[in-house]
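The structures considered in this document are given below.
Shared between the two complexes below is subunit A, which has subunit B as its partner in the first and subunit C in the second.
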Partner chain A sequence: MSNLAIELNNVCQSYSHFNLSGINLELEAGSILGLIGPNGAGKSTTIRILMGLLVPQGGNVQVLGHDMLKEAALAKWKIGFASEDMRLYKNMSLQWHIDYMKSLFPGWDDSYVKTLIKRFDLIPEQKIKGLSHGQRVKANLLLVLARRPKLLVLDEPTTGLDPVARQETLRELMDVMMDEDRSILFSSHNTQDIEQLSDKITFIDRGRVVNSKDKETFLEEWRRVRIEIDSEKDLNSINHLVDVKRSGRVAVVTTNKFNESFIQLLKGFGASISSVESLSLEEIFVAEVFSSRGGE
Partner chain B sequence: MNLPMIKSLVLKDWRLNRSLLIIYLVSGVVASAVFSIDHKATFYVGLVLIISLFATVGTHLVFTTVIHERKEQTLPFIMSLPVNFRDYTIAKIFANLSLSLFSWGFIAAVIMLVIWNSSNLPNGMIPFAAITIAELFVAYVLILSVAIIFESEGVTVITMAICNISISLFMFWLGSFSEIKKHLWGEIPVWNATAISFLLAELIVIILLIMITFYFQSRKRSFL
Partner chain C sequence: MESHFLLSQTDGRPMYLQIIEQIKNKIAVGDWQQGFKLPSIREFAVTLKVSVITVKRAYQELENQGVIVTQQGKGSFVSSGENMSLKIREQEIDVHLVEALKKANALGISVDELLDRLGSLASKHLQNVDRSE
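Take a look at the complex of A and B:
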């Protein structure tokens, strides 16, 4: 039996001005996958496909062992889904929504609800239309977390939140991961959140997966190296150089395959190494996207 | 078919529209009372109120249960629940039909009682009233089907406008049938072949509209 919570194989979807093509995505059970992409990259479309809310034109989708083209309703008993464009019934109170969800899900955890209400500083009797954006996001998250799903799928859960609300949300998600049986997929264009939580990261841009690896691998493989080298030496022939900036004898090269042999390669080219810097996930993300776009 | 989930979604829509339902039932009683007053002006005012009430109940239900669910983005919340799109469609149609039949049935029963008990209103009017009320229900089911299939506020509003204009034309047309006209002011309601045929045709149209709705819904690939 597969140990994958999510498996997308060669999923594709066409619109008049956008194509999702050859999306392959895997999430191991008990881990967190962060899906990063710029606006319009296809994150929400991918998530809707894996939630069975959009039937793709090609490929197959397995979530928690269920074929989402046939068994989406069954799978959704075990999935908690919240998206940035999801709203609750504005004329009803949070308590009404809690009671409604409790009537549906046998695994509903009342004591956890009380804990979350306190942590999120929510008032159950308050009508949804009286909540701020941050409170609505937290209300949605409460309704999703309290049923203790095996898989959490969150589409931009922290978008529009103030820093305090963001940290509260991230803290709850980290608590979820204390349970090794549970998995999370969340999408964002906020790389700090992804870097904080994720085990594995997938970059998506213009409907394609640009790269997908463990977070640690990304952070280890990318480096910015400052060198001094003869200005006539052509650095473009060196493999795994993503970016080169030169000013006279000084050059700054960015690589996505940093290791000791890369340093030796530069030295063999006649370069002397001034410094080696790590890149943040945001810098890696931007570099990956520009690289995949062919430096447009 | 996930019956527990369908039931839950139907009860949810009932709960969300409970207050509206009460307002419409009370309005129906008031409109019927006006209709029964022995005066030509109040007869026509009452008639307009009743027809407007039927149209408003149906339209309002379609908007609150279908159109607004998309517009106010509560549909992703519903579709995140363990339900597929067929179950959602069944629940939406059943919720709407049950809500409207409950309120319309109540208002229609009050009207029939008023006609039956009023010396000012001939009982011969009952078949005409029943056919007209059924026609309003056909219009409502059409608007509901359009709202579900097209998911568009604009298209639904246009359909409503066409139905509203058509109902008056229908009443004139219905009244032109001699087998209906000649019994309209009589003392007893006459359920002749013409009257029964109208009701049967209306029932068939309602069933066809529901079947067409399911057909188009089954072909959709995007559920948000």
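Take a look at the complex of A and C:
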């Protein structure tokens, strides 16, 4: 078995108004992959495919060493999946759900359930219909985590959570990572959560993978440089310039291939460097999406 | 593991740099002495709630700088170099001095002028400290 927990190869799926075209995705065992995309980018469709809930029209899907087109049932025992669409029985209590899941999954961890109930501040006797949105999300997560799955797939796990519940959720996700062969894929449009937790990041937009790299590389390669330069000087010949904003002698240039020679290059154009700034993952994401759309 | 560290959300610098700075600070103040075993990368990532790759990046950088040494299969330790604490404190102040030099250069201020400025600021600062005591 390879040490990839997830491997999607050239996955395609067509709908009348939307196409997933040639999606490639890799998640190494023991790490966290963040899937970022605008609404309607294809995140949930991709997740449904890798969960075996949807059979793609083309491509290969391997999850935990299983071909999802042939052995989805085997893989599913080892995958914990939570998404907003998942509904619990509203007239039943959380405890009822816990007992039910325990009867299905042999690896069920009772002591972990106790810990999670305390940490998430949940009441097992309470009926699902009486829970707030945040409590429901946490209840769902508890039911998935207590199975101790090898792979966690979470569609928008922190969306709609208050700051306290969000921190509790992030903490539990990181606790999972203590174990070296467990992996997490989570999707979000909250780039801050992904920036904090992910080892690797895949941006998707309009059904395509825009870019995919380890997080530190993303953050390392993008820089905004403030310079002072003759306003007549043409900067267009410089490679890897993503954006240039100029007003008089002041210019702000953004690059996606930053290194020391980029600075030397700017100096060669007669620029003096005022500052070099890092970009947040959110800024990088927006710029990546715009530049990929512009290139069509 | 109990966390000695707190990463800032509003600090504009990348998280791995904050981790480096805080580890160096633990060594500079003498909490982590030479030979001290650092938490494993995974353990540290879980405690700080940041990705494994971010902590890995910080450890690699600290290793390049000679602050820590990593032994395969054993873990990472504070280097046994002489006066690591002093060295780190010097490095830390150097970062700010180099920034001052760059800024002075950009503003057309010579090194001598800069030294004069530093001298006069130092005497003013010392007076303030005297007064507040």
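Quick note on the criterion: the second predicted complex is superposed on the first by the 293 of 296 C-alpha atoms of A that agree within 3 Å, B and C clash if a C-alpha of one lies under 4 Å from a C-alpha of the other, contacts with A are read in each partner's own complex, and residues count from 1 in each chain.
By definition in this document, contacts are C-beta pairs under 8 Å (C-beta built on N, C-alpha and C of every residue); 3 or more make two chains touch, one makes a residue touch a chain.
Just so it is clear, the model here is predicted, and its values are computed rather than measured.
**Student:** Just from the overlay, do subunit B and subunit C fit on subunit A, or is there a clash?
**Tutor:** fit
**Student:** One more residue to check, A:Arg136. First (subunit B), second (subunit C), both or neither?
**Tutor:** neither
**Student:** Identify the partner contact of A:Ser278: answer first if only subunit B is touched, second if only subunit C is, both if each is, neither if none is.
**Tutor:** So A:Ser278 only meets subunit C here.
**Student:** Have a look at where A:Lys90 lands relative to subunit B and subunit C in the superposition and call it first, second, both or neither.
**Tutor:** A:Lys90: touches subunit B, not subunit C.
**Student:** Taking the superposition as given, does A:Arg182 touch the first partner, subunit B, the second, subunit C, both, or neither?
**Tutor:** neither
**Student:** Kindly classify A:Asp214 by the partners it touches after superposition: subunit B alone (first), subunit C alone (second), both, or neither?
**Tutor:** Only subunit C is touched by A:Asp214; subunit B is not.
**Student:** With subunit A's C-alpha centre as vertex, what's the angle to subunit B and subunit C, nearest 10 degrees?
**Tutor:** Superposed on A, the angle at subunit A reads 150 degrees.
**Student:** Can A:Lys150 be said to touch subunit B (first), subunit C (second), both, or neither?
**Tutor:** After superposition on chain A, A:Lys150 lies in contact with neither partner.
**Student:** In whole Å, how close do subunit B and subunit C get at the C-alpha level once superposed?
**Tutor:** Across the overlay, subunit B reaches subunit C at a minimum of 26 Å between C-alpha atoms.
**Student:** Can you list the residues on subunit C that touch subunit A in the complex?
**Tutor:** It comes out as residues 12-16, 42-43, 45-46, 49-54, 57, 106.
**Student:** Considering only the defined contacts, which subunit A positions touch subunit C in the complex?
**Tutor:** Touching subunit C from subunit A are residues 30-32, 170-171, 174-175, 177-178, 180, 196-200, 214-216, 219, 272-274, 277-278.
**Student:** Along subunit B, where are the residues that touch subunit A in the complex?
**Tutor:** Per the stated touch rule, the residues are 2, 5, 8, 12, 16, 72-74, 76-77, 79-84, 87, 221-224.
**Student:** Mind pulling up the subunit A residues that touch subunit B in the complex?
**Tutor:** For this pair, the touching residues of subunit A are 48, 51-55, 72-77, 79-83, 85-92, 100, 103-104, 140.
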